[in-house]
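Everything on this sheet refers to the single structure shown next.
As written, the chains take the letters A, B, C and D, and residue 1 is the first residue of each chain.
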Amino acid sequence: MSHTNDHRQDALIKRLNRIEGQIKGIKKMVLDEKETAEIMIQLNASRAALQKISQILLEAQADHSLMHVNEGKDLEKEMSTLRRVITQYNKLN
Amino acid sequence: MSHTNDHRQDALIKRLNRIEGQIKGIKKMVLDEKETAEIMIQLNASRAALQKISQILLEAQADHSLMHVNEGKDLEKEMSTLRRVITQYNKLN
Amino acid sequence: MSHTNDHRQDALIKRLNRIEGQIKGIKKMVLDEKETAEIMIQLNASRAALQKISQILLEAQADHSLMHVNEGKDLEKEMSTLRRVITQYNKLN
Amino acid sequence: MSHTNDHRQDALIKRLNRIEGQIKGIKKMVLDEKETAEIMIQLNASRAALQKISQILLEAQADHSLMHVNEGKDLEKEMSTLRRVITQYNKLN
């Protein structure tokens, strides 16, 4: 794997660790019987953080597919890979 | 403009006409004082229809950008165009 | 129907008219072959406007249900009406 | 705290534990360099699970507020509490 990829992987793992910490924080809020509106703010923050990761992945896939085609790789294959990622990206929204 | 584009444009206009009809229908439901839950079902249908159009546009942009690069067009320019569309696609979600 | 309701109905119809105008504007953008990212910004604006209406309806239903129970109306019935609206509200999100 | 509340708290903690497990699973997928579309499916699953918790909290708050008003508690206070929760619920969507 390239250094660029190592770097991106690290960044994603850091984001996911932060989300894990947020979930633990929400559990504590539930056990401490915090107000519903307060808990929801934290649930929204975690959802937004997960969506941000999806956006990063979609952008990375778009860049990769374009670079691959630029390097002469199979157009059809790159189209179908990127389509599959777009379809998943769209699923929950 | 190519025949393919004409066809896609027609399909988008048809979808938008359908949404316009849905909005008129929702106005009638509001005036007829229909139940809130019923009105919401129609509001959701229109939102889903608008999102479907955004998905179609994103997929078309991805295909175009890949084809352009495949035809030897500027990689950086296509990357930035596709990025801009992905960023907008993501905005509301 | 009460004057309050008349007022709320008017406000909803105005919002829906505005959305109808936005959809017409998007059709024009498609026909004028505007950039995808620009069209998406307008699609998002219409989706956000539709969601705002759903939020207004949910808040109005919540207020109504609480007022009805306060006036001695059937608790179970109000619970189930409000639940149904919450379920719909949630559907697309 | 009532037995009912204990039960609901347990159910929420179980859901949050499951999401924590999902996040750990996504980290493993990133480290194992799984395909982007596959990772996105799991990100969506976690986001949907978080949203389900928000829906459960909103429904519970709606029920509580209606019951409180039915028991003679302050209407204005319950309205504003429920409004606050609806506003938060809506934020990310």
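Keep in mind that, in the parts below, contacts are C-beta pairs under 8 Å (C-beta built on N, C-alpha and C of every residue); 3 or more make two chains touch, one makes a residue touch a chain.
The model shown is predicted, which means the values in this text are computed figures rather than measured ones.
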| item | value |
| --- | --- |
| Type of chain C:chain D copy interface by residue overlap (half), same or different | same |
| Remotest chain, chain A as reference, centres from CA atoms | C |
| Length of the line joining the C-alpha centres of chain C and chain D, rounded to whole Å | 23 |
| For chain A paired with chain C, centre-to-centre distance based on mean C-alpha positions, whole Å | 30 |
| Whole-Å separation of chain centres (CA-atom averages), chain B against chain C | 20 |
| Two or more partner chains touched - positions in chain C | 51, 58 |
| Touch-based graph of the chains, sorted into line, ring, star, complete or other | ring |
| Of chain C, residues touching chain B in the complex | 1, 9, 12-13, 16-17, 19-20, 23-24, 26-27, 30-31, 33, 36-37, 39-41, 43-44, 46-48, 50-51, 53-54, 57-58, 60-61, 81, 84-85, 87-89, 91-92 |
| Chain A - residues contacting chain B, complex | 51, 55, 58-59, 62-63, 65-67, 69-70, 75, 78-79, 82-83, 86, 90, 93 |
